[in-house]
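Chain IDs A, B and C follow the sequence of writing; residue 1 opens each chain.
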């Protein structure tokens, strides 16, 4: 059997198990609705403008936060990475700030910005920024020392070095950072909505959760939607990476310290 | 000496700037650092340490350990059996793509509001990066080493322990590191959404009660927790992957 | 001791069919040192993997009477476990065969001693040079106490100096241990210098072109043996066979 067929079988199997387990009474059906009911709930939600507004809000928070993090991460990464003194001076600070969980900022954001898109965006930017920055720093560090020497021998200016030497080496790393950041950013976008209550899919899930047993299939439907968005985000990030790097000779490997 | 000065320079400057810039602050939302540190001592060096902070960390460890065992076990099986991998890969891709925090409301429905729910939440988020990375690692074991095992009759548990798991360990560690940060997020989230104790709950409580310095101290504690756990992780990683980093450094010299 | 009868191997997969071995028949007597030479890509590794039981032949029969069988692979860099120190690498096969710890330690020490690596027990393989790594792999095979030893171009990737040393090492190991040794190489000089017989393979489709008996004295050394007139004759003979086999291929 071909891979694709096996994979489809696996997906169908997952759906079948999801359908059978509640129907056989192994878990309470009102708490774990079978996929058919979730699909029905999804279909009815999809007819309401409110659903699409939520999807749009989530996507917007995610994309804006990601874009800010990407620009900031790349610019700072290249600047810090290409100045040895700066790199040494910031290393410990970066090591310290990076593992601070972004959820720690939730109460701060909620306090300062309330239940708005802005407060969730702060979380998204914070979480995504480190992913990009760390990868770019690794990328800049990976520039071939011989190439560095060559550039110096030919008296390439600082800008030319960034443009022709550092940037091409760091690009694959930056894209890896973007891919990692994209999935983290989505998690934080939806988390912020769920916990802070800023508009988006996360808030809809919280609303459905608070609306009693009848809304349970709706809640599942929203969860499935977040999964689908996550899937698309992954697929797009991978595709973009492949597209942009098709010409690129560098070996792409995920930095172990990610 | 110079290296230490460079490493400590920026952090010291940053803390000093925060200290002096916030000194005598009258902004309700941004209290002075001295005030926050005072609140930190009053808040966390007392019963809250045992009633809120430690139980949270305990749940985190429990869930994380469980996810580690589950993820490595399932990942090894899936990675070693090609048809199983082909069968499960798309389903796993989908399940992994669901942002873990949205599972909190679902798991509450099934497991209630207790410790069990929180541990399940942590497991359900941590298991994916570990599992998928283990699959990749097991799949990518070196063929020559596999042949070596076969020709020297290294089989069964011995093969698993000394070959498969070790060969996959760099990937497993990468997955475990991703899982750790997800685990901390989920520990906090599960308590923010549904709990009557724990770190996340307490901090949200402070925020809602406008106990601002206390809230800041909670944020600080979470940050320290993240930094501490990641440092601990690095200690383990160094020990487990000493050969890997050594080998890579060796290759780079070529 | 070791019989290969009508062996053929066809790789079939990924939409590509490669006939690696057409038809090979030969045997190796107990305690014999036999070399296999053939041009690159003629299926030498394939042959060895079939004999070692790592690969199922497409047709033909292989009988190896004598246990255990040890293998030294072509890619020494990849055949040692990088997460284990040298000592543990040599010891692992013995642990797998449930040997007592005391006995294991002795065997490991002896084996490393005999390849001249008594001082690197605690090193990791990647801290050693290529030649030393291959010696660790040889030590592992020795410690295993094999009756049959299979070696696949073990010295292809080491420098000439080390290579000469390792060749002498292998000769002495073979004489001391009393094993049946099948040594694969693409180097004609090496095959004549080492073996008692040289099995010459043709280019693909691979067959046995000729089997040359090496009637050089048992005591060999790099200087006198290689400057021996008989040595020159033999290597010319092997060389001519390989050239002929190449030309006759369609």
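Remarks
We adopt the following convention: a contact is a pair of C-beta atoms (placed from the backbone, for glycine too) under 8 Å apart; a residue touches a chain by one contact, two chains touch by 3 or more.
Remember, predicted model here, so these are calculated numbers, not experimental data.
Setting chain B aside and leaving every other chain in place, the chains that still touch one another form these groups: A | C. The most central chain, judged by the distance from its Cα centroid to the centroid of all protein Cα atoms shown, is B.
Farthest from chain C, judged by the mean position of CA atoms in each chain, is A. With centres taken as mean Cα positions, chain B sits 17 Å from chain A. Remark: chain A and chain C have CA centroids separated by 52 Å (rounded to whole angstrom).
Chain centres here are Cα averages; for chain B and chain C they lie 48 Å apart. By the touch criterion given at the top, residues 142, 144-145, 147-148, 150-155, 158, 162-163, 166-167, 169, 243-244, 246-247, 250-251 of chain B touch chain C in their complex.
Residues 1, 3, 6-11, 13-14, 27, 31-32, 85, 88-93, 96, 98-108, 110-112, 183, 186-187, 190-191, 194-195, 202, 205-206, 208-209, 216, 219-220, 222-224, 226-231, 233-234, 254, 256, 258 of chain A are the ones that touch chain B when the two sit in their complex. The touching residues of chain C, counted against chain B in their complex, run 49, 52-54, 68-71, 73, 75, 78-79, 81-84, 92-93, 95-97, 124, 126-127, 140, 144. If you check the complex, the residues on chain B that touch chain A are 3, 6-11, 14, 29, 83, 86-91, 93-106, 108-110, 170, 173-174, 177-178, 181-182, 184-185, 188-189, 192-193, 200, 203-204, 206-207, 212, 215-216, 218-219, 222-223, 225-227, 229-230.
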